[in-house]
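For reference, the structures are reproduced in the following blocks.
Same chain, two partners: chain A is paired with chain B first, then with chain C.
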Partner chain A sequence: MNLNVKNEEKETLVSLAGRMDAVSSPEFEKELGRLIDEGNVNFVIDLTELDYISSAGLRSVLVTAKKLKGKNGQILLASLQAVVKEVFEISGFSTIIPIYESVEEAMAAL
Partner chain B sequence: MKSLKLAALIENLNRFVSFVHTCSEECGFEGKRLMEIELAVEEAMVNIFNYAYPEGEGQVEMQCALKEGKKFVIEIHDKGIPFDTLSRSDPNTTSDIGDREIGGLGIYFIKKVADEVRYSRKDDMNILTVVFLV
Partner chain C sequence: MKNRGLAFKLILLILSSVTLIFLLIFGYSYMYSRKIIIKNIEKNAMNLARATVNQIDVVLSSVEKVPENMACVLDQSLCTGEELNNLLKHIVQNNKEIYGSAVAFEPWIYDGEKERYAPYFYKSSGKIRYSNLGTASYKYFFQDWYQIPKELNRPVWTEPYFDEGGGNIIMSTYSVPFYRTVEGKKGITGIITADVSLSWLQEIVASIKIAKTGYGFLISQNGTFVTHPQKKFVMNETIFSQAEARGDEELRRIGREMIRGKSGFVPFRSLLTGKLCWMVYAPLSSSKLSLGVLFPQDELMADVVRLNKIVIILGVLGFIFLFVVIVFIARSITRPLSALAGATEDIATGNLDVSIPEIRTRDEVGQLAHSFDYMKQSLKQYIADLTETTAAKERIESELQIAHDIQMGILPKIFPPFPEMPEFDLYATIEPAREVGGDLFDFFFLDDDHLCFNVGDVSGKGVPASLFMAVTKTLIKTRATKDMAPEVILNQVNQDLSTDNPSLLFVTLFLGIFNIKDGTIEYCNGGHNPPYIIRASGEIEAVETTDGLALGVMEDFSFQSKRVVLNKGDAIFIYSDGVTEAMNSRHELFSEERLEGELKRLKGLQVGDILAGVTEKIREFSQDEPQTDDITMMIIRYNRNE
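Here is the complex of A and B:
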């Protein structure tokens, strides 16, 4: 999994590429934890290039969302593809974590 | 039939996923369906890595075969503690973010994406059979 961080005016844009599985998702959790500790609380996660996610990946997203809830921050997901979209739907996560069709829409919603 | 037998350790996850990827590709699966097969396999294997051998190490074997020309059958064998993954109730997928838990979600995914899932215990072995129709 590749993780790229870009600081925008209002939010932190994190782009993920590749696979978010039981091996790679702790990396996401750790990196986002570090960014939160540095004071970032509004995140847009660009999933355009993410090909795959498992329950371990969802766990990392949930842990991050819970951390942010305590800081009045938020995590918005954008541009989910194929199986990634399906995993969010069948888990019911699409009802607790805001999902947007595009990064632009997510940024406008913050 | 093809098979791969390795230690039940998270370090081997990628090898099992690559193995099933190659087998399912040979049976004609591609795109989203191929990813669903990988998802089912990851969830089943991670469960075994985490719970099958609480006191030490053990092995896990994965077998893939195309049966009756239309069934891609994945069998996962371990000699760990008896564990009927399918007996767990489905997780609550509607609760609020604060109450949301991940436990049980992996098994739920397997049931959702596969066409058939079976568990049996034979000769001190857990056998999980996951079927995808070609």
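Here is the complex of A and C:
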């Protein structure tokens, strides 16, 4: 999995590429944890190039979302591939983590 | 060279370099000192030759003065016989260099009666003797000493000659013509001579001694040896006859130079000893003689040669000393090194208890030995640690294996589970990706007609997931009771899981309550993959979603239930995402499409065979690619007992 962080005006844009599974999701969790500790609270996660997410990946997203909830921040997912979107929908995570069609929409929603 | 030891290389390289340097220095110093010595010899030789020439010249020119002065006297007036004799006697007596002196008159000049008149006084056995050279046998008119000055009309030194009938010795004569003017006409009157004994010259030249065999010699104008240590050469041989005899072109050339009155310094082979010499030659200014002095090379160079011998001996001794020192150094380096090499070989074979040879020096070898010892210790420590870690790992693995057994133990594993019930067939399989997995399934009767079944998937894998799975399964079993709706069970289990869940694990769960009397299934889906209904006709349809969230995420989430009805021959197929997300080496997923196709293909078979068929297909698809997620499947087929 490749992780790319870009600081925008209001939010932090994190782009993920590849596969987010039990092996790679700790990296996501750690990196986002670091960014949160630095004071970033609003995240837009660009998943355009994320091909796969496992339940461990879902858990990492969930952990991050819970952390942000305590700091009054939020995490928005944007531009999900069909497979990934399906995982979020089936698990019901789409009901607790906002999903947007595009990064622009997600940014506008903040 | 490559295969030779360090000591050999060291000795070879250092000694050859040192030898080369020594030879260069020695060669240069030899050539240079030789050059200086030759230069000095040349200088000294020239000085010696000049001094000798001067010494002879002084005598000869003083000899020349005597007849010249007398000529002046006789030019003025003819003395009487008595006066002349006294004069001559006086001359011979007072000039020790002069052997004899004569006044030889032209025919009929002195006395009209006598054709020849030449009074001559000479030394013999310490006395002065008189002789008249004007005898019929001597014929002084035809002697060189008379004829040549007369013809040339000037004073002349004759070639050395044996004065037979005169002085009767080898001599050279300085002849001066004198004149008288008769009737206004100047005419030659006679010749005044002064004889120089060559034995005197020989003495001077013989006194030249250079080293042991060096000598001097004189040659006359035509190359005749006038003096030479080799007595038989004197007056008998010329330098040219010697050159001829020896076939020596160089000697001939030197001879020519000498009689031309040149001087020089040349290499020369001694006529006496045949040794290589240098020769200096210089002309006498008064007479036409030329002096040569020989300097034997080997004798003059003896000091240098001796010095060089000593230097070479010192060099050889130094070489031997250096050899010994280098051997000592090389051995002191290589001895510990080879000991180290031996120890390393032992270590290489795995013997870490070998002792590294103790090296006390603090040089690189000492450092090497020290580092080596350190490496050995570290290796030993590392291996000890590794052994420990391996043991720990093995322990964990065996514990994991036990955990796996326990986990499998808490899952139903007897199939068919209800052989006494013809209403339905049920089959389930689970394959954890690791020793212990996070998937779960279960089924049990709530009452005679209602079978509760569930399939779940805990996020993640391994020990944490398996513990969470065990908790979930236990909670479901304890919470689910008679007449309870699925959403109630899920609500309660979700609350239990969410209240104290620091690691934020969650579980997707499909739970159904199957009425085996009428085939209805009340179900609630907590974020799990929607199961499939396989209709008896072969149609495959996904079970409608209930929009449920995975359990353990949100404590106050409210689940909804839905209902689906199975007719005779219909079946419900529940699975975890390990099925559809099984992957091949090209990172392609097994996918719902393949699963649906497979279910269609296998629809008529026994439930157990259907699951076996799907498992087989997944294995075929992913081939050698390692399984990344637990694979769990459950199938219930409704037979409707008529």
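Convention: the second predicted complex is superposed on the first by the 110 of 110 C-alpha atoms of A that agree within 3 Å, B and C clash if a C-alpha of one lies under 4 Å from a C-alpha of the other, contacts with A are read in each partner's own complex, and residues count from 1 in each chain.
Going forward, a contact is a pair of C-beta atoms (placed from the backbone, for glycine too) under 8 Å apart; a residue touches a chain by one contact, two chains touch by 3 or more.
Given the structure is predicted, the values throughout are model-derived calculations rather than measurements.
In the superposed pair of complexes, A:Leu58 makes contact with chain B and with chain C alike.
When the two structures are aligned on the shared chain, A:Ala82 is found in touch with chain B, with no touch to chain C.
By the touch criterion stated above, A:Lys69 is placed in contact with chain B alone, chain C being left untouched.
By the document's definition of touching, neither partner reaches A:Thr48: not chain B, not chain C.
Residues common to the contacts of chain A with chain B and with chain C across the two structures: 21-22, 51-52, 54-56, 58-59, 62, 66, 83, 87, 90-93, 95-96.
Every residue of chain C that touches chain A in the complex is listed here, in rising order: 438, 457-461, 504-506, 508, 526-530, 545, 547-550, 553-554, 577, 581, 587, 589, 628-629. By the touch criterion stated above, chain A contacts chain B in their complex at residues 21-23, 51-52, 54-56, 58-59, 62, 65-66, 69, 82-83, 86-87, 90-93, 95-97. Across the interface of their complex, chain A is touched by residues 10, 13-14, 17, 31-32, 35-36, 38-39, 42-43, 46, 93-94, 96-98, 100, 102, 105-106, 108-109, 112-113 of chain B.
By the touch criterion given at the top, residues 19, 21-22, 51-52, 54-56, 58-59, 62-63, 66, 83, 87, 90-93, 95-96 of chain A touch chain C in their complex.
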